[in-house]
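One structure is given below, represented as structure tokens, and several questions about it will come after.
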Amino acid sequence: MKRFVRFACLALVGVVALAGVALAAKDPKDVHVALVVKDLTNRFFVEMKWGGESAGKQHGIRVTVLAPEKYAVDNQIRIMEDLIQKKVDAIVIVPIDGAGIVSGIERANKARIPVFNLNTLATGGEVIGFAGIDHVQLGRIQGQWGVDTLKGKGNLVILEGTTGASSAIERQQGVTETLKKAPGIKVLASTTAKYNRQQAMKVMEDLLTRFPEIDMVLCANDAMALGAKEAIKDARRKMMVVGIDAIPEALEAIQKGEMAGTVDSNGFDQGFVAVDLTAKYLLKDQKPPKDTLVGSGMATVITKENALAFDKSKTEKFKKFGIKVD
Amino acid sequence: MVRLTAKLRSAFSGPIIICLGMIGVFSLLSENFFSLSNAVNIIRQASVLALVAFGQTFVILLAGIDLSVGAVMGLTSCVTATLMLKAHLAPVLAAAIGVGVAALCGLVNGLVHSFLGLNPFIPTFGMWGMALGAALIITEERVLTGFPATLRVLHDGEFLGLPAPLLLVAAVLLVLHTFLKATPHGIATYAIGGNEGAAHLSGIRVRLHKTLVYAFSGFMAGVAGVLFLARSNAAQAIDTIGYEFDSIAAVVVGGTSLMGGKGGVSQTLIGVTLIATLRNGLNMVGVNLYLQLVFIGVVLILAYVTENQSLFHFLRELKRRLFGAPTSAEEA
Amino acid sequence: MKLWTRGLYRLGAVAVILAAAWILVPRFGTESNLINLLRQAFLLALVATGVSLSMLVAGLDLSIGAVAALSSCLAAALIVQGHVVLGILAGLAVGALGGLLNGAMIAKLKLPFFIMTFSMMFIVRGLALTYTQGTSIHGFPGRFTWLGKSFVGPIPMPVVVGAAALGLLHLVLTKTTFGRITYAVGANAEAARFSGLAADRNIIHVYSLSGLLASLSGLIYIARLNAADADLGMMWPLEGIAVAVIGGIAFSGGEGNILGLVLGGIVMAVVGNCVNLLGLPARFQDFFIGFVIILAVLIDHLTQKRGKVAK
Amino acid sequence: MAEPLLKMQGVSKSFPGVTALSNVDFDLYPGEVHVLIGENGAGKSTLIKLLSGVYPTDEGRFVLDGQEVSIDSVRAAQEFGVATIYQEMNLIPELTVAQNILLGREPRKGGGLLVDADAARRQSAELLGSLGQHIDPDAQVKALSVPQQQMVEVAKALSMAARIVIFDEPTGTLAEKETAALFKTIRLLKAKGMGIIYISHRLEEIKEIGDRVTVLRDGHHIRTLSVAEASIDELIRLMVGRELKDQFPRRRQPRGEVALELSHVSLQGVLHDVSLTVHRGEIVGLSGLVGSGRTALARVIFGIDRPDSGEIRVLGRPARVDSPLTASKLGLAFLTEDRKALGLFQIRPVSDNIILAAIHRLFPRFWIDAGRERAVAQEFVTRLRIHTPSLNQLVQFLSGGNQQKVVLAKWLATRAKIFILDEPTRGIDVGAKLEIHRLMDELVAQGTPIVMISSEMPEILGMSDRIYVMKDGRIGGEFAHHEANQERILKCAVGG
């Protein structure tokens, strides 16, 4: 055992000595960008992954997409630490929590690995740029649409995202802003279902028995909307359910008339833009703008009328980048 | 010659072989894996798990189990954070109180378990729920951040060029190891795990001892919670959920028997290193998340098998079981 | 005798809880709520069967959630193509197979149940994700969603299926040789072997059954959600343990019954339901459940003492 | 006569439901061996558990040389110099000899924080030496033989500077030779002027080691008399309160055809070329020292261990017995030495315990017919006179004798064709012993052969038709019951 340890130490020293001279390559083939998203068990982030990979293909650079197996910011920090050791050329991070991720970004800064911040704004550390969708705006679109369709009066239930997650807070903020201007609308309950379909279904079941009169349910993402809509179907009640993210399943539900609408948060473009800007920064030293706002694929709520068209355009885009959609 | 090979086999038992094997493979697949800085990195990442697992080791040596540690860690970090943010306490003081709370949780576990004679699963699992709930309630399910960075020294600090977590873990390991092997209480721990009745009849205060061990496990969970806070610089109740099972896995894979009375903290360290190295290596190689899970599961099984019946025997057994042979007669 | 009195104590306790909820919580007593309570309770109990069976043989199956996810995703893939029956059978088969693997490794190769099922949880979850690549499989024909959505009179189908499964399981455990041997193995596996009973085979069967029931729960869930995700049942092992413990299934093996399990399911459901009905934030749920667990076990503990005295 | 070392006066103790001891007096003089006898449940164990501080006493005075003391904890008892060596081993297998001997009282160093391992080693070596034992203090206890372990326990008692040493059924697990060694040690302790309390079911031992004997029955003190004036029959009468003429009821009969035959069976390091035959209608006694391979042989016959070579023929047909399952299918029954760990399902009701082994025979069609189950269970409860409030009573609440009867019933229910009984009457009271012997006689009368392993010479001699004596895994000799006697068997077993 002892003998082994001594050997190992020698070997370590040797390797470190060799590793001393690292040379920065400009050849795209050797450029390696890592995209760390929140969670890969959710279609929205899967599309963000596709976007990132497509941008990578365009520039001919290598892109690895990682995510923690547990929805906890510490696990993202762990991944970043490993990537730092791996000496990737840049990290694109989609923080589970904007504040929690800071120590991870700082570690990357210390190792002089450029970090690009995507989708959820990090509250500290140095990043070469931020790209993302304006979650508050998404909330506003959803809320405003609700106000308009309810003609300023009715009973409303809100399913929030994972409590404390900044995206959830911002989307909620957008919704409440618009609702303030519509005193006629009564918010019966506003509670979290953790962005999760199963959770949403259970919570909705209880809310349905608690409130005999509900006109509309606003959900901070489509997964929850889909869960809620099933609970409503089972309770043989009718009400409008609106989500955010515009994942294919939601679009189908809308066409079937089971969901009233959803707001596109354009995961693909977000992923694409982020990796694209990072690649340009690495290959052509183009400093990315401080903030890049990725437009929502559609500035309004997607409803029965335009759902089909939107879905088409999206699949077109995927085809263009050679992504085969199930 | 034979004796030499025997020596080698004993030295390179189960998990160590697997560890070396993994290091070899990962080094081939990822140029930067086998480097000093990454070693330090792995140590940093392993430190939190190591501390919880040390506490868990004591409990498992008593043939017990502590399911509450994950939630208790969360509670500690949330309490500490809240005290720093709301009560503006000095970080050190806040941390001390946080750890105190954790120890208290452990104490309750111990009391309920040893004085009511309940299966340890139950009080500790109940405590899991209550600690998690309490943490969620005081943080209102939010992520707490923006408190003085004093505590971060614990994780990011260096001393004589050595990372603080390494020193911390090493120190704790040294103390606990000597405690187990060379103090009356250490021997008592093995005695109780080996044969509780006998220990009692030898005049050891079994209930008291058990209670204290559970309290200690809580305490260690608390310390780990503080280190976790120092590491992520943010406190959230649910972030540490899962450490209860991770820690048990680390202890068992290291070679401490769930039946109690056999094993120790040094074995646990091996188990922890194995898990940390695996997770780090998989990221270094860039294996996608989905397959990572599969690998983790497989390696855990392999590590245990090689530890407890040489892989050899395992395969022979497997062959025997599969292609009906003498021992499978039970199926006849 | 003893077992009965304990059963009665538990029944009484649950009755008290229900009464309290009925009085204190607005709209608790409404028909719609009771129905949805019933549904949640039976689904919880069904999910818990997996854990409980393994507990009966002094083990623990942490992989049920993952197994349910994998089996229901594979099933879903077939079902969306219209092969409903085939899909269901395939799903159940995969579940049983997963359980079989657990059981075989534990019984034959003497792996500790913890290591085996814990690792299994990772492996199977990984496979499920690899298969779905993180996107959900959705849009089932009504012939399948029927399993989760239709009603028999006022009773939701999941309750009917759950009750049927639990009832069957109850019979198997109390009225068959398999059941007796299971309890015996849980009480003292060595003695069972030395009595010429096929203990190892029994353990394998028990884990297979646990896997089978897990996948059944999975199928009902996806039928209700009308979509299959690879992240199904992340919390099932812990929820299952909670239900089982409240239901009086002993970790030491060989003790506990299905009635207790159902009561455990009811208690869990009531706690969650009341938290939502009272409009309390979800966070209170965990706290109360932890609390209830301790409480339930204490009651049980006392009644057990009685049992000893009664000898 | 000197001052009594210990006087217990009017000691009473009751547990929920049962009164274990009522108003019992007991005294002990330095340098004497005071034997304590009585049937199971008579209160022997309770009495010593009070004395060694395991249970608190309800009423009664304890006087240790002159002054009254209260013993409220195991520690207290130890400080008063009371050391107990219990029936079941109380050592920790994973720890070393030294760690076991000084457990809870380790010599300290480093300001009392650390254990002084060297001192511990030295002290243990000395203690063992004073008992004429040469056991390595650093050896793990699990590596020691049963008698060695017992010597470690005695050394442990000595290390407590004990003045009173209690032996609870010490010879239960020992064969004659080891027993002799133990008695030597006990005399040694006597010589040191210690008081010995000695509990045993083996009445013949009393004459050999005891000075006075006290008889308990149903928690009452019956009589204390000097061993000189006590005859075995009288003691039995005092214990059971009724006459028990013959302890070994046997109706000899002509033996039938061969039922079980082992030829040249060997198991690496345990059994060497063992051949034996068992005929219908006979009881074959397996005698020998503990560890001589008697139990190992039984395990091989029952398929728990697989022999490396040799053949086993059951009822004339060669059999590949590779698991208890196949063994029981072949009609074998094996009543194990250790009923708690290997025989009983403690937390299951009596009825379950009785039917389980026969479950597939009784209910071949998967479903269990409750009526039939109760009927079968009741039949055996009546036939074996198992004392239980109901069929639903959990076995853990039965007394040792009744538990043993349940295990026997479990095997009788299987209608096995060959019985292997390993220490069938260990640690159970005289009454139950007799009943079990009667059952064995009934069985053979119906032609069912029995292989009986026993460390009790009288039982071997009294019950067996033929006796095989084992030594170091070999058959040392074979005797017909009329040619067998204590000396010859012992000679054969020890191999002088």
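Chains here go by letter, A, B, C and D, matching the order in which they are written, and residues are numbered from 1 within each.
The rule is short, and it goes like this: a contact is a pair of C-beta atoms (placed from the backbone, for glycine too) under 8 Å apart; a residue touches a chain by one contact, two chains touch by 3 or more.
Owing to the predicted nature of the structure, the values given are computational and were not obtained by experimental measurement.
**Student:** When C-D is set beside B-C, which has more C-beta pairs in contact?
**Tutor:** B-C
**Student:** From subunit C, which chain is the farthest off, judged by mean CA positions?
**Tutor:** Of all the other chains, the one whose centre lies farthest from subunit C is D.
**Student:** So the centre of each chain is just the mean of its C-alpha atoms; given that, what is the distance between subunit C and subunit D in Å?
**Tutor:** 44
**Student:** Using mean C-alpha positions as chain centres, tell me how far subunit A is from subunit D in Å, no decimals.
**Tutor:** Their C-alpha centroids are separated by 70 Å.
**Student:** If you average the CA atoms of subunit B and of subunit C, how far apart do the two points sit, in angstrom?
**Tutor:** A distance of 28 Å separates the two centres.
**Student:** What whole-Å value do you get for the distance between subunit A and subunit C if each is reduced to the mean of its CA atoms?
**Tutor:** Centre separation, subunit A to subunit C: 33 Å.
**Student:** In subunit D, what residues contact two or more other chains?
**Tutor:** In subunit D, residues 323, 325 touch at least two other chains, as defined above.
**Student:** Would you pick out the residues of subunit B that each touch at least 2 other chains?
**Tutor:** Expected reply: 140-141, 289-290, 292-293, 330.
**Student:** Quick one: which residues in subunit A touch 2 or more of the other chains?
**Tutor:** 40, 163, 192
**Student:** Name the touching chain pairs, please: which are they?
**Tutor:** Touching chain pairs, listed by label, are A-B, A-C, B-C, B-D, C-D.
**Student:** Which of the residues in subunit B come into contact with subunit C in the complex?
**Tutor:** Going by the criterion above, the answer is residues 112, 116, 118-119, 121-123, 125-134, 136-137, 140-141, 237, 245, 248-249, 252-253, 258, 289-298, 300-301, 304-305, 309, 314, 317-318, 321, 330-331.
**Student:** Show me the residue ranges of subunit A that touch subunit B in the complex, using the header's touch definition.
**Tutor:** On the subunit A side, the touching residues are 1, 4, 11-13, 15-16, 19, 34, 40, 64-70, 72-74, 77-79, 81-87, 97, 99-100, 102-103, 123, 163-165, 192.
**Student:** Where on subunit C does subunit D make contact in their complex?
**Tutor:** 1-3, 175-181, 183-184, 187-188, 190-198, 254-255, 308-309, 311
**Student:** Note which residues of subunit D are touching subunit C in the complex, please.
**Tutor:** That would be residues 16-17, 302, 304, 323-325, 327-329, 334, 336, 341-348, 352, 355-357, 359-360, 363, 366-368, 370, 389-390, 392-394, 397, 410, 414 of subunit D.
**Student:** Residue numbers of subunit C touching subunit A in their complex, please.
**Tutor:** Subunit C residues touching subunit A: 27, 30, 32-33, 36, 39-40, 129, 133-136, 138-139, 149, 156, 221, 224-227, 229-232, 272-273, 276-277, 279, 281-282.
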